[in-house]
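Note that subunit A is present in both complexes that follow, paired respectively with subunit B and with subunit C.
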Partner chain A sequence: MDKPILQQWNSRYLILILLFAVSQISAQRVSYDLFSPHNRKIFGDRLFCEKDYLRAIDEYNAVLNHMPNDILQYKIGLSYFFMGRYFDAERNYKKLFKSPFLSEEAKLEYYRSVFYFGDYSGFREKINTKENFPLAYSNELSRLKAYSYLMDDSTLPPESEMLSKFDDTDKKSIIEFYSWKQDPPYKSPMKAAIMSAIIPGLGKVYAGEIGDGITAFLFTGLFTYLAVDKFQRDQTTSAWLFTALAAFFYGGNVYGSAAAVQNYNASLLNSTSIVKLSYT
Partner chain B sequence: MRAKTISYYFILFCLLVVNIRAQNLSEQLNYADSLFNSENYFDAITEYKRLLFFDRSEQYKYHADFNIGLSYKSGGKYDEAIKYFGLSELSAKIDSQKINSRLQIIRVNILRRTTNNAFAMLDELQNDFPEQVDSNTVTYWRGWAYIMVDDWENASLMFDKIDSEHPLKKLADEVEDNKYSVTFATLISYILPGSGQIYTGNYLSGFLSLGWNVLWGYLTIHAFITDRVLEGILIGGLLWARFYRGNFKNAEKFAIEKNIEISNKAYRYLKNNYKGIKP
Partner chain C sequence: MKIILFFILYAGIVSAQTDWIKWGKADVDYEISSQHQRSHSIDDSSIGSSILSGLQVSYAVLISDVDGDNCPFYPTCSSFFVRSIKETNIFQGTLMFADRFTRDSNLFKRRDHYPVHYSGRLYDPTYNYYLDQNKVKFYSRKKIVE
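Entry: the complex of A and B
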């Protein structure tokens, strides 16, 4: 009598195991789908870590087509930001302004994207109107606003107001930028040209090219002397030849002085921009 | 009897579990390959990377890494290509796969003109696989490396070792014959101003240069003869010297420019018309 019952129990036990196995297989069949939202998300995370941002965005967008996910939306924004596509980053962060968990962070990143996009006056206008302003990060944005004045040609606020946003470690660099911005050591090309017109070579010296200035002075002077000397001796052909040469060197010296000052100003601007970029 | 039947079904389902996972990866590989074969390289890279990510047993690693490398190479992303060819070499299971990976790395180095790396790797390849790698293959790629750094003379020597009638040897010889000698152009300009420019086909510039040098030379000598020493020094030092120097500098510049044109013509032929294996 026991044996048939035992057999019945063995059969039921096996059926239960079988049903359990089938359920597991079904679950695994879903996870073996490489294009399931879960798998696309984890693959996207891997791409994000590898800095393959464009592909990570594609994967995250595919997941978002199935279900909303604020973190993935935020990471899409970050991906665009890291790729330098600040306008696309702004567009993505805007979608998170009403997020219950990431609203403040999204607003901060939105403002950072506007700043990095380069529209500094627009950036300041948005901050002034407190448009979607993240209160939790108001100090960070105040510093960014202060820094934006150094990035374009707008009127600087008072120095004390600027410096109040920064801590002691940054104040020294900010003061340096501020002084440079307020009174940039640019030189005037017109002034250089006029100086060279009066005394050949003087404009070049003003531009910092002392050797060139002396050379221009000597060449122009010598050819002028020779021209005058030839006219005095009635050697007309040679006289006109040296006159032409003197005029050529004189004109070149005036033009060259203005160009030298423009090069000087450009190199100054370039070195300032590099320093500014490295600071941000 | 009934228990036996259930056990058989249970084993069958277990086997199915293994097959489903393998089948998904196999389908993914086919999908990635189809994108690669249709030259859709950006998507192919994405799908190979997806395959690599989910392929825990790394059975497709060599193939996926190798094809990612080829895709990046096609897109001109040589640094990434080298990285993935390097990974494919590490996951290669047999010598032929390792050799293929290394050859691709060498070819990418040739393309991006890091030929020192290419030469070193060719030597290494020959040392590591002396029996599997044909010496003609190594010589062929050495020849290409010389071509890419504009050294047509050495390129000709390399292809000559493979076959004295090799089409690339003939091309290299033709380029070398057509090129102008920069040294010769400069030298004859020292002797006769303007001749170097005439040698390179710039006749107007050559005759103008000759004219200026004759004029300033005459005026300088005339000034000295007539005891106008200061004038002679000024004309000779400031004008004649300037035009004389400009003459041989121009000759050098024109020769180099012409040679660049000749090389570029050869590169265009190689890109558009040459049917052999290219880097």
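Entry: the complex of A and C
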């Protein structure tokens, strides 16, 4: 009697082992395609998160060659934007204008790319003509349009019209930039020259070049002291040499102070880096 | 015959030997090698140009080439001096140079005050110092000037 049971157990045991072995073997035989669109998308997302935008674009484009994907197209546009390649970003976003669920966002990012490209008058013209205008984000674009007036030399609109686009948290800084833009805090080159004539280097400090001002003061002071000292010792040759050097640096300091203020004023005319953009 | 063969063999072995030059510690040279070939020609278009270019070449040969390519600015101070005199006059050019020399001697941090030229130096052109506001050009510190 034991023998048939034993045989039964043996055969069951054998079947279990066989099943286990087959499952192990079949699990090993699953092929893993590293370059499948799915894997490339995952890799692209990883690169995007790590801000390796150029390689992320390559991966996304490889996926898009297999199947259209609006999200990936959008992320390609974002990648170009983050790299500062605004023209390429614009080109990518244009492909999504007819997208069923990303059209408005693509249009918004398109306008944002045009803004960051720096053609502010062109940007305002596009907004005025309502060309591919995202209605869902009209407030954001109105704010961007207001910002664009602060970024170039065009005539500023009335203050009330500017401020109406912004909420109370932003109004204070906008008023500040608006006043700064209307009446930039220019400095006077003549004043800087006179200050440097009285105290060498002071005009440079007035222009914001503190290091240069201290250096000019030290040079002029040192050679003046040496000249006076030599004259007191009746060493006229070296005294006149040091006098010439002192005059050289003194003249350069007065001239340079006026030039430094002119450079400062030019930076005010062109500086757009202080305009901070808050974007929702 | 054997002697000739021996001599040929010996000569070959001797000429192959190079290890009689002793290896020793090499002196480290921190001099920055010049990135560009300087022109040492004299500009003989006028007496003033001749004197000016002569001074520049003398400085280049006697001091600058020996000292190394150390000027942090583009154009270099000697080039700035020559250009400023050519573009203005001797008096204004000398004042511009005096100011440039002072700024070059500035020991304090100054990288933020100048744009960067593609050569890696700080861009400081002469036209920003003519005391003519219309000619002053501001360059963004974030971009490289070509």
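As a working rule, the second predicted complex is superposed on the first by the 159 of 280 C-alpha atoms of A that agree within 3 Å, B and C clash if a C-alpha of one lies under 4 Å from a C-alpha of the other, contacts with A are read in each partner's own complex, and residues count from 1 in each chain.
Criterion: a contact is a pair of C-beta atoms (placed from the backbone, for glycine too) under 8 Å apart; a residue touches a chain by one contact, two chains touch by 3 or more.
Keep in mind the model is a prediction, meaning the values are calculated, not measured.
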May I ask you to decide whether A:17 touches subunit B, subunit C, both, or neither, giving the answer as first, second, both or neither? first
In the superposed arrangement, does A:33 touch subunit B (first), subunit C (second), both or neither? first
In the superposed arrangement, which partner chain does A:222 touch: subunit B (first), subunit C (second), both, or neither? first
Where does A:251 make contact in the superposed view: on subunit B (first), on subunit C (second), on both, or on neither? second
Touch test for A:46: subunit B only (first), subunit C only (second), both, or neither? first
Once the shared chain is lined up, is A:55 touching subunit B (first), subunit C (second), both, or neither of them? first
Now for A:269: first (subunit B), second (subunit C), both, or neither, which partner does it touch? second
Would you please give the residues of subunit A that touch subunit B in one complex and also touch subunit C in the other complex? 219
What does subunit B use to touch subunit A in their complex? 2-3, 6-7, 9-10, 13-14, 16-17, 20-21, 24, 28, 45-46, 49-50, 53-54, 231, 234, 238-239
Partner subunit C, residues of subunit A touching it in the complex: 189, 209-212, 214-216, 219, 248-249, 251-253, 255-256, 258-259, 262-263, 265-267, 269-271, 273
Counting only contacts in the complex, subunit A reaches subunit B at residues 7, 10-11, 14-15, 17-18, 21-22, 24-25, 28-29, 32-34, 39, 42-43, 46-47, 52, 55, 58, 219, 222-223, 226, 245
Considering only the defined contacts, which subunit C positions touch subunit A in the complex? 92, 94-103, 105-110, 113, 128-129, 131, 133, 136-138, 140, 142
